[in-house]
Each structure stands twice: as C-alpha cells, then as structure tokens.
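Presented sequentially are two complexes of chain A, the first with chain B as partner and the second with chain C.
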Partner chain A sequence: MIARQIAGKDLQLVFRNRRVMAVFVAVVLVMLGAVLIGAERTASFDRERGSALAADREVWLGQGARNPHSAAHFSRYAFKPLPALASFDPGTVDYAGLAVWMEAHRRNPATFRYAESAGASSTFESLSPAWVLQALVPLLIALALFPSYAGEREDGTLRQLLGTGVTAGAVFAGKLLAALRLLLLILLPLVALSVLAVMATDVDTHQPDPLLRTLCLVAVYGLYLLSFCLVAIGVSALSPHRRSAAIALFAFWFVFVVLVPRLAGDLALARTPQPDATEIANSLGEIGMAFWDSEELRESARQRAMDEYGVATVEDLPIDYAAYELQFSEEYADPLYAKVYRELNGVHAAQERTLSTLSIISPTLAVARLSAGLAGTDRAHHLAFTEEAELHRQEIIKQMNDDMMLNAGDAGYSYQSDPAFWEEIADFHGSLPPLSRFAGRYLWDVIALLAWLGAAFLFARTAVARAGDMERVR
Partner chain B sequence: MIEARNLTKRFGNTTALNDLSFTVPARETFCFLGANGAGKTTTINLFLGFLPPSAGSALVCGKDVAEEPEAARALTAYIPEQVALYPELTGFENLKFFASLGGTDVSESDLISGLEAAGLQQDAFHQRAVTYSKGMRQKVGIAIALAKRAQVLLLDEPMSGLDPKAANDFCELLRNMNARDVAILMVTHDLFRAREVGHRLGILKAGELVEIVHASSVSASELEEIYLAHMHDAAGKAA
Partner chain C sequence: MTTILMKLEWLRLRRSLASRLVFAVALLSSLYAVWSGLHWKQAYLAGQALHETQIEERMQGWRTALADIESGKAESTPYDARPMDVRQAASHEPGELTHLAIGYRDIMPSRLTLGAWRNEISMVERYEFDNPLILSLGRFDFAFFLIVVLPVLMIALSFDVVASDLTSGRARLVLSNAVSLRQVIYARLLLRNGLLCGLVLLVLLVGFLFAEAAASEYLLWTGVCMSYMVFWFALIFCLVAASRQAEAVAARLLACWLVLIFAIPAVVDSAVQALNPPPSKLAHLSVARIAEAEAARQTAALTEGFLADHPDLSVGDEEVPGYYRGTFLANERVREYTAPTVADFRAAAEAREAGLSALQYLSPALLAQRALYRLAQADAAASRHFLDSAGTRLAEISELVGPAVISRNRISLQEYDQITPFDPETLPVGAGAVTGMAYLLALSLLLALASLRAGRNSI
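Showing the complex of A and B:
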C-alpha cells in the first residue's frame, strides 16, 4: 500500500520532468525509426534473396544441354534464410555473408556481406530496436531515476518521509515499484512496436518457436533493464546530490554499455587473432587441388573403382570413370574442407568464449549475445546455415557426378545432360534451427545476466539501508 | 502523551543526553530551550526513532519508540525547521501523498479543510511547492499533521526564519492543535515564542534538563534572566 503511494508519487515526479519526457519521446521516436528501418531492411533482404534465388534458378534451368561437371562448376547459390526477428536484432547479418556459392571441388565461405556494400555507412552500427534497448534505454533509465533518492535527500523529503513512520524497506519497495512501472511504460510501446514490425516483416522463411523466442527476448531485456534500474536506485541512494548521482550513472552507462563491450571485442581478437584471409584462401585452394596433384591418390581411386565393380582395368568399368574420379575427389576433399572450417570456427568460438566470459563484467555483452541468439541472427545460426549449405552442395554435386557416371557411356566430358535434368537439382531453401538446438550455448550469458541482477539488487538494498541510516542521524 | 524515562544518549565517550525524564500530556506544549549542542535535536531524533537510546526509553502514547518505532511514528507528526515538500508537486498533492502514507483514506474535502485550518491561502493549494515561502511550507506541515490525526507533534525550530506575522500565525496553529488533544514537544532558541506558545519550558544544558519553568508564571524578561543564568553558569564552568 505505502510502496504503491511512493511509486505513484515518484512516477508523477518523473512525468513532470520535461527533460526526462523529452528524452522518453526521443527514444520512442528513435525506436519507431529503428523498427521501421529494421523491418524494411529485413524485408528488402528477403525480397533480394527471393529475386536472386529466382534469377539463379532461371539461369540454372535455362542453361540447356550441358556437361553436368561443367554445370557443377557453374553451379548454384545457397541464399541464407533470414528470420523475421532479424528486423529486431540483425546480429551478424550485416557482416557474416548472405550467400554461399556451391560449386564443384570447392567449399566456399559465405559472401555478399551487407557491410561491404554499405559504403561509408558501414562504419556505424545498424540502428535496430535491439540496439535501442541495449544502449539507449539504460541511459533513459539513468536519466529518469538519478533523482530517486538523491533528489529526496537534497530536498529534505527523505528524512520527512522516514519521519512519518515509513520504513526504509517500504521506501525502497516504492522506488523499486516505480522503476518497474517505468520499465513497463518504456517496454510496452517498444515491445508492441517490435512485435508489430516483426509480424509485418514479409519473409518467406518459417522461424521455429517464434512465440518462445519473443517471450525469451522480453524476459532477457526485462531482466537487463531491471538491473539498470536497481543500479540507478543504488547509486542515487549513495549520492549526496542529484548532480553527483547523474554524473555517476552517466559514467556507469558509458563504461559498462559503451566502453567495456568495445574493449571486450578488441580483447577477444587480441587473445585469439583472426587467421589471415589469404592463408585460408590458399588452404582451400590447396585442398581443391590435392587429389589431382597426387598420383598416389588417383591410383587409389582407380583401385577402389575396379574393386567396387570387380573388373581388372578402368576401361572395363560399366560407368564413366572420369565422373567416378570426380566424385572420389569430392569425397576426399570434403573432410579436409570440414577441418579447415572447423579450425576457423574454433577461432570464432574462442573469441566468443572470451566475450561470454567478459559478460560477467558488462551485462550489455550478455544481453547482446542472448538477443542475437534468440533472434536467430548470431554466429551459431550463421554456422547452421553454412553447414546446411555444405550438405546441400555435396548432395547436388554428387547428383551431377552420378548423372555423368551412369549416363555418359564413353562420351566422358563430351556428355551433355538433358535440360530436364537440371530440374532434378533442388533449390536450397534452408531452414532455421529450433532454439533448443542452441539452448546450452547461452547458459553462461543467462548466468551472467542473473548474476548482474542479483548483484544490482544487493547493491541497491545495501545502499538504500545505508541511505536510511544516513538520513536518520543527520 | 509524550514521555521520557531516564532517557540517555551517548556518542562514543560524549554524553549528548543524560537521564532525561519528563512528560507532556495531551493538550500541552512543552518547549525545550538550550544552546547549540545542548541535546535538543537529539531528543527529537530519539522520539522519532531515528536514533536508539543508550539507556532509558522514549514513549509516544505509551509505545516505546525503540521497540515499536513504526507504531510510534504513526501517531507522531514531525515538523522540522524547514518543512520538506516535493517541489514539483502542489501543496495539495504533497498533503495528499503524506496523508496517504498513514494507510487511512482521507477524502479530498478533508484535505482541503486541513489546508484551510492550517491557514494556507486557497489560491496556493494548487501551486507547486517550489514557489512556497517557508511560512507556507510550515502550514502544509501542520496540515499533514492534521490529516494524519497525529496525537503527538514534534517540532524542531519550526519558527526560525519566519517573519513576525507568520510566526504569530504559526503559534495560533499550535494552540489549535493543542485544542485537538495533541501533545506538542518543541525545541527552539526563541525564548519569546516559546513562552507565548508553550505551557512549560524546559532548559537543557549539556544534555541535562536543569530547570522546568511554567510559562504562565514568568514574564519574558524573567525567562530570559533564568535562561541566561544557566548559560552563564555553563560558560563559567567551561572557563
């Protein structure tokens, strides 16, 4: 009852603060802009993906009679499916590559990075609803709550309040309730806007667990912002004046929201440097040629073919041996490519582990990782796409090698597939993995976020008790 | 009723209050007079439960403040030298908020009546408190006490800095509070206002209650003589 009265009064004071209301309106407008930009950009990516897929299919189907291996070199693109939640948090979408060229002999990395084509604007982080919630809303909370205790102390009303018989605990409960209501007032329009935008985002791909992901996002951001509310209350309780509370909270915001995440990224890179891009390209090139440069490997292919079909010479084989050799070389190279990519992914995983560990220092790091994971736009989801694209590549290349192997007869590389055959090569549609596949991956970030919340609560509780004692003995 | 029973407060080796005993019944105003550091504000803080006593007890309507601080404070209204109000709320909103903390519903008409009874001009009811003079704040403080239906009023230098007219109005308000069965404990430096509004006047010196004077039995100049005699005695001893 008393907590409700105190919360009501605190909110009344916040609403009468023109500066806070101006910033609140500005944040809502920025959020609205971010929502519209995010929705439009995701829908535009999806449209481009749709038209690129259609164009790729049209060229593929229109190639006429052609040797299947030549077609396998010409090959096709796997376009990354984008979840509707990418409009909320684009995560790695801007720089992780949107398509994989699936060709024979070579496993290519994802290309077509938005950041590469964004020109000068690529220097800046994309404006997204997730960024507004991660970076701007904590600042709004600091601005709204810095006078929470410090203002009361400066005006003398805290002592007056405690003199009426209200306990320090009830005052804290009131302040916390006010913060929760404020949080709700901030989150409700932002969540409503985001949900509307995600619903309105026109994407073809079905994202599994949309409701679960959305609810988890609301919970994650709720806990994140609540920890900022508690820190703001605690800092205000320990500050003698409004000004010192405002300065301390701004410094806290700058260090933990702006600085630490940036430094953490640099530290992760320093601890586990990115492998040289040229070296990777050379490794991939060497794998592609390894079979063809090794007479020993080629001999083992010949031997296996003869054993498999029970013949004494290659000429006696009932199949086209050139195609058999092509498929053999693919199967030889596949695990070698997998090893190179596993090592590369290991580097990224080590960098992510550093970031994840450092999320205990900054809740913004934890929430950024959780947010992109829940939106389905983090590196784990990107890797799921590249793995699926690779499996698809292996399947369609085998399909084309098999066609040549079984149907070429003596024609070899002069053999041309019937144009109708191209229709048998399936398009890559891709699927988005369910959340349960990655649940364990975010455990540490959840722990870090909860640890931050717990520490913020204890800090606020201790600071408030101290503030009550300080007022009484004044 | 306000009662101190052998009330003692020590801060380390310093004794701020020593074995203080007195009673203020309903309808009476008891004023504490004394120099700075005599223990006046410490007494108020002990009755508000802001400080725990080192020995003895402070009772409000029979409730020991140290043992039942919330219950005791629920019966108490406190008006400091500068009544603290939320500057961005109006006088009426401040009153409504502080009245609501008592847990009882007070109607808007009762609140308006309280502000009227406290002598606040009607056109000031809905002005933000940031525009209020000290006298207007003290009136809102009295209105809060009225709305709370406090049985005990603790005042810490409430008339310091008030102009003579505002101080006179405030004295009248205190008399009205007495008429409502309220027991008042006021600490002040102002001998003349204390004599005007108080029924009994206690002189505190170095934490000890050295004399209690009935206001009606002394003139203003006699009170001053008594007070100064104690102070000079203190100065002499100190020298």
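Showing the complex of A and C:
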C-alpha cells in the first residue's frame, strides 16, 4: 500500500518536471522520425532488390544462344532479402554486402555495401528506433530518476518518511514500482510506433516467427532499460545531492553507452586482427586456379572420368570431357573455398567473442547484438544468406556444366545452349532463417544482460539499505 | 591577482582526485587513439604494398616477354605479352594524417587493378571481407576522441567551478580582494581547460611525429582542433557564468553536448540522405550486366564496327582467343551504358556534400569532423575523387591497348613505357578547414559576448 503511494507521488513529481516531459516529447518525436526513416529505407532497399532481381532475370533469359560455360562466367546475382524488422534495427545491413555474384570458378563475398554510397558520417550514429532505445531512452530514464532518493534526501522528506516507520524495503519497493510504471509509460508509445512501422514496412520476403522476434525484442529492451532504472535508483540512493546523482548517472551513460562500445570494436580488432583483403583474395584466386595448375589433379580427373564411364581413353568418353573437367574443378574447389570462408568466419566469431566478453562491462553491447539478432540483421543472418547463395551457385553452375557435358558432343566450347535452357536455371529468392537456428548463439548475451539486471538489482537494493541506515544515523 | 588565482587553482587541481582522474583518462584515451590509428595505417599500407608488388612483378614479367618478342629472342604466342594483360595497380594512398582520422577509409575500396580486363565495377579488387559488426561500431581514432570525448572531459572539469566556491564559502573570501567573480571563473576555467587541452595538443604532437605532412596541414589540423576546443571553452564559460547552480550548469552543458554531437549530426545525416538518396547500386549493376550481355551477343558486329572505324589497323594473330576482344568490347560497352548512372551517383554525392556543407554549421562537432576528415583525406569526397581518377586512368589504358586488342596485335614496348604510374592529385584541403575555424572562433566570440551579458545579470 505504502509502496503504491510512494510510487504515485514519485510519478507525479516526474510528470510535474517540465524538463523531463520536454525531453520525453523530444525522444518520442526523434523515435517517430527514426521509425519513418527506417520504414522508408527498408522498403526502398526491398524495391531496389526486386527491380535488380527482375533485371537480372531479364538479362539472363535474353542472352540468346550461348556456350553454357561462357554463361556460367556471366552467371547470376543473389540479392539479399531484408526482413521487415530491419526498419527497427538495421544492424549490420549498411556494412554487409547486398549481393553475391554467383560466377563459375569463384566464390565471391557479398558486395555493394550501402554505407559506401550513403555518405553518412562514421563518427555519429545513424538514426534508427533501436538506437533511440539503446542510447537515448537510458538517458531519459537517468533524467527522470536521478532525484528519486537524492532529491528526497536533499529536501529532507526521506528522513521524514523513514521516521514514520516506513521500512527501507517499502521505500525501495515504491521507488521500483514508480520506475516500472515510468518504464511502461516510456516504452508503450515507442514500442507501439516501432510495431506499427514494422507492420507497415512493405517487403517481399516473409520473416519466420515475427511475433516471437517482436516479443523477444520487447523483453530484451525491457530488461535492458529496467537495469538502467535500477542503476539510477541505486546511484540516487548513494548520492548526497541531486547534482552528484545526475553527474554520476551521466558518466555511467557516457562510459557504458558511448565509450565502451566504440572501444570494444577496436579491442576486438586488436585481439583478433582482420586478415588483409588482398591475402584473402589471393587465397581465393589460388583455389580457383589450383586444379588447372596441377597436372596431378587433372590426371586424377581424367582417370575418374574413364573409370566412371568404363572407357580406356578420354576420346572414348560419351560426354564432353572439357565440361566434365570444369565440374570436377568446381567440386575440387568448393570445400577449399568453404575452408577459407570458415576461417574468416572464425576470425569474425573470435572478434565477436571479445565483444560478448565486454558486454559484461557494457549492457549496451549485449543489447545491440541481441537486438540485431532478433531483427534478423546481424552477421549470423548475413552469413546464412551468403551460405544459401553459395549452395545455389554450386547448383546452377553444375546445371550449366552438365548441359555442356551431356549435349556438346564434339562441339566443345563452340557448343551453344538453346535459349530455352536459361529458363531452367532457377532464380535465387533467398529465405530468412528462423530464430531457432541461432538460438544458442545469443545465449551469452542473454546471460550478460540478466547478469547486468541481477547486479543492478543487488546494487540498488544495497544502496537503498545503506541510504536508509545513513538517514537513521543522521 | 590572476597569477595568484591560477596558482591557487593549480594547487586545488593537484589535490583533487577527480581532476587527476580526468587528466589520466584524457592522456590514456588520446594516446590510445593515436596508437590505434597508427596500427590501422600500418596494416593498411602493408596490404597496399602487397597488392602493388604483385601487379608490378606480373608486369615486369609481361614487359620482359614483350621485349624478348620484339628483339626476336622469343617467338610470338597467342598468349604472351598481350595488350589485354596490361595492368596497373591503383591504391588510395592514405594521407599523412589519416592515422588521426580514419573516417571513411576503412569502408571504402582502396585497391584497384586497372587494365583492359576490367571495367569500372570490376576494377575494384575484392575487399568486402571485414566483419560488418566491427565496421558498424566505428573506430576510436583521435578525431573521435577530440570531437566526442574531450568535450565531456572539459565539462567534467568545469561544471562546478562556481558552485563549489559558493558552497565552500571560498568565493566570499576570494571576492573580498580586488577581483570580480568573472575573473575568478575565467582564471579557474582557463587553467583547468588550458591544461587539459594542452595535454591533448601534446598527444596530437606525438601523433604528428609519425607523419610527414606539409607545415600548412599541421597548422590547419592544430587550428581546427584548437578552435573546436575554444568553442567548448566559450560554451562552458558562457553557461558557468550564467548560473551558480552546478546541477543546472551540468544539465545544460550535457544537453548541449548531446544535441551538438549526436542529435544534430544524426538528424542532418538522415535529412541529407533522405533529400538526396544515392542511386541504387543494384540498378547500376543491372545496367552494367545488360551492357555485358549485349556486347556478348554482338561481339562480331562490334568488332567489325571498331575495325571499320580504324581502317589503319591490320588484323594480327588469329590464334589469339576471341574472348580477349569480347571482354574488351563488353567493358567498353559497360562504360558507355553506365555513364549516366555514374553521373547520377556523382550528382547525388555532390548534392549530399552540398547539403552537409550547408547544414554542418548547425553542429560544431559535424563541422570539425568534416574539416579533420578532409585534412586527413579520409572523407567520402577523397574516396570518390580516387575512384574517379582511377576510372579516367582505366579509360586511358583501354584507349591505348584497344586497337591492338581488337586487331589481335601487340602494343610496342615504347608505347607501354609511356604509361606513367598512377598518382592522382589529392583534393585541396585548406578551404573547408579555414572556414570551419573562422566559424568556430566567431561562434566562440559570440558566446563570450553572451557570457558577459549573462554574467552581468546573474553574478
């Protein structure tokens, strides 16, 4: 009962504070802007993807009679599908490529990074609903809650309250209830805006389990912001004045929301350096040529072909041997390409492990990773796209090699496929993977976030008990 | 009296743990920023050297083969020393001061291979191997430290200079001498921020030790840094002089920091992008592929047309593979077809640049960042200029080797030796920095004048 009264009074004080209300309105307006920009951007990316896919198909089908291997060099593009939730949290979308060229002999990385042509400044964050929740709302919470205890102490009302026999625990419960109600009031319009925007975002590709993802996002941001509320209460309880509480909370925000995430990226790179692009490109180039440069490998291909078809010489083969060799070289290279990309992925995973470890220091890091993961815009989802594109590449290149192998006869490279054959080469539509595929990946971040919440609760509880003792001693 | 005030302040600073902590954070984080930038630059240069060496070695072999064929030491083959294989490395050299402001350098393409096998899309070597999450977090370079971190440290050191004197009763004691409160505030703020900024400038000098820039670049860098510091000093002085409550001063200063450093740049960026969206790269790709496909279908007709336009050409070795000329013609067609979209990209980028140039005055942080990135040649304009220059050189190489490729001949050693190393001019860096400095200093002056007025009213 008393806790409810304390909570009611605290909320009333917050609502009376014009500064807090002005900042709240400003945050809602910024959120509205971020939501509109995010929805438009995602829809526009998807429109571009749709047009590029249609153009790619048209060019492919219209290439006329052509040698299939020549067509395999020209090949097709895989365009990355974007989830509607990208309008809430673009994650790594701007920094990961949008398309993969699925050409013969090579496994290419995703190219065309939006950040290169956007011209956004790299020091400042770009506006997104996720950024508003990760960076601005904690500041709003600090602004609303810094006088929670410190204000009462400064005004002498805390002493009065404790003097009437109210326990420190009841005061804490009241403050916590006020913080929870405040959090609900802040989150409600922001979440409503975000959900509406995501629902209104027009994208072609269906994202599996959107409700689960949205609920998880709400839970993650709820826990994250609740831990800020608890820290704010604890800091306020330990501060003799409003002034010191406000400064301490700002310092906390600056270090954990601004400084640590930026330093974390640098530290991750220092601990696990990024291999040089030229060296990786060289490795990929060498793999592409490995078969053709090795007489031993070419001989084993010849032997396998003769064994398969039960003939004594290559000339006796009932197929076009050049095409057989092309497919053999692809199958030889595929696992080697996979190894290079697996190693690169290992480097990136190690970098992200450093970030995960540092998320024990800054909950913002954990929340950013979880948020992008739940939105389907993190590196894991990007990787799923590139791997799906690679499987598609292997399939369509085999189709073209098989066409030449079975139908070229003696014509070899002069053989031209019928234009109708291009219809048989499937478009890459791409799919968005379900959340369950990555569930284990985010476990550490969930643990870090829960640990933060637990630590924040203990800190607030201890700070409040200490504050109560101090007031009684005074 | 000012000297005495300064000495007193110096003593207080030495005794204050919080102040020492602020100085330690400033020293360590600025030194880390310089080290991090140097580390990045070292890796960047090593990668570039590898790329250039590979192409140089290859071209040395190509040149030797051509010399042998010309001198009759070796027989001509359809594959050796073909003009189609002439290639040149183009690297976007970092500026002397790029280690202090990495800017766009870690996301933009910087290593290209120019030659007839390539077009403006394929001339860029594969480079998208970085972790996109790390890229999205950005780098902790000196520019980030200066623009984002330093103002917070200045605020932490300054916000309570009046309030602490008033609450401790020291203000009354000091003011009983022939000195005004404004003089006290000024002296205290000047000493605190002067020492902090002096320390940062010393670290900047350490950063300069690893560069060989022109004197004017050092001066401009220092000038931009100092004028940004002066702006924050003036803003702090203005707000500290206007109120005696540390809480209010801190709240206002931090609000200014948040608005000037995060809110305005984020809104300006979003607005400029929304008003001038870049053309779709995927659409650009589609145009290039249409051109390639068309060229593949029309190789024979295009070859005939080319030869008709160059009646002086006699057809050389018929054994040279047909895909040499096919690829060359396809690349020529790609250049022709994509010219309008390339122009659109340029126009949109210029419009965005113009928008940012106009709106940068809303935020000193944005202004300083743009000036520093330009001085470090780490802005988007420097990358665009590099890519444009490389595109021009690619066209020059294609023009040189084109007739020989189509007619299945070779270029002469003399013609090959006429190809000069790729060394594009860098963009002029001074104008934006000087304007930025002048604006920041003018703003600081206005704030100082405002603080005089505010001081009269409140102190």
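General remarks:
Please note the rule applied: the second predicted complex is superposed on the first by the 469 of 474 C-alpha atoms of A that agree within 3 Å, B and C clash if a C-alpha of one lies under 4 Å from a C-alpha of the other, contacts with A are read in each partner's own complex, and residues count from 1 in each chain.
Note that a residue touches a chain if its C-beta (ideal position, glycine included) is under 8 Å from a C-beta of that chain, and two chains touch if they have at least 3 such contacts.
It should be emphasised that the depicted structure is a prediction, and the values quoted were computed from it without experimental measurement.
Look at A:A281: by the touch rule set out above, it reaches chain C but stays clear of chain B.
Of the two partner chains, chain C is the only one that A:L139 touches; chain B does not reach it. When the shared chain is aligned, chain B comes close enough to touch A:D155, but chain C does not. Legend: residue contacts after superposition of the two complexes on their common chain; A:I2 is shown touching chain B, with no touch to chain C.
Between chain B and chain C, more residues of chain A are touched by C. Of the two partner chains placed around the shared chain by superposition, chain B is the only one that A:L13 touches, whereas chain C remains out of contact. Once the two complexes are overlaid on the shared chain, A:M306 sits clear of chain B and of chain C alike.
In the overlay built on the shared chain, the residue A:I361 is in contact with neither chain B nor chain C. On chain A, the patch touched by chain B and the patch touched by chain C do not overlap at any residue.
Residue ranges on chain A touching chain B, taken from their complex, read 1-2, 5-6, 9, 12-13, 16-17, 155-157, 159-167, 471-473. Listing the residues of chain B that touch chain A in their complex gives 45, 48, 50-51, 69-74, 76-78, 80, 82-89, 93, 97-98, 100-103, 148. On chain C, the positions that touch chain A within their shared complex are 36, 39, 43, 46-47, 50-51, 54, 102-104, 107-109, 111, 125-140, 143-144, 147-149, 152, 156, 159-160, 163, 245-247, 250-251, 254, 258, 261-263, 265-267, 269-270, 272-274, 277-278, 280-283, 285-286, 289-290, 292-293, 296-297, 323, 345, 349, 352-353, 356, 365-366, 369-370, 380. On the chain A side of its complex with chain C, the touching residues are 19, 30, 33, 37, 40, 44, 48-49, 51-52, 55-56, 59, 62-64, 66, 70, 74, 77, 79, 91-92, 94-99, 108-127, 131, 135, 139, 241-243, 246-247, 250-251, 254, 258-259, 261-266, 268-270, 273-282, 284, 344, 347-348, 351-352, 355, 369, 372, 378-379, 382.
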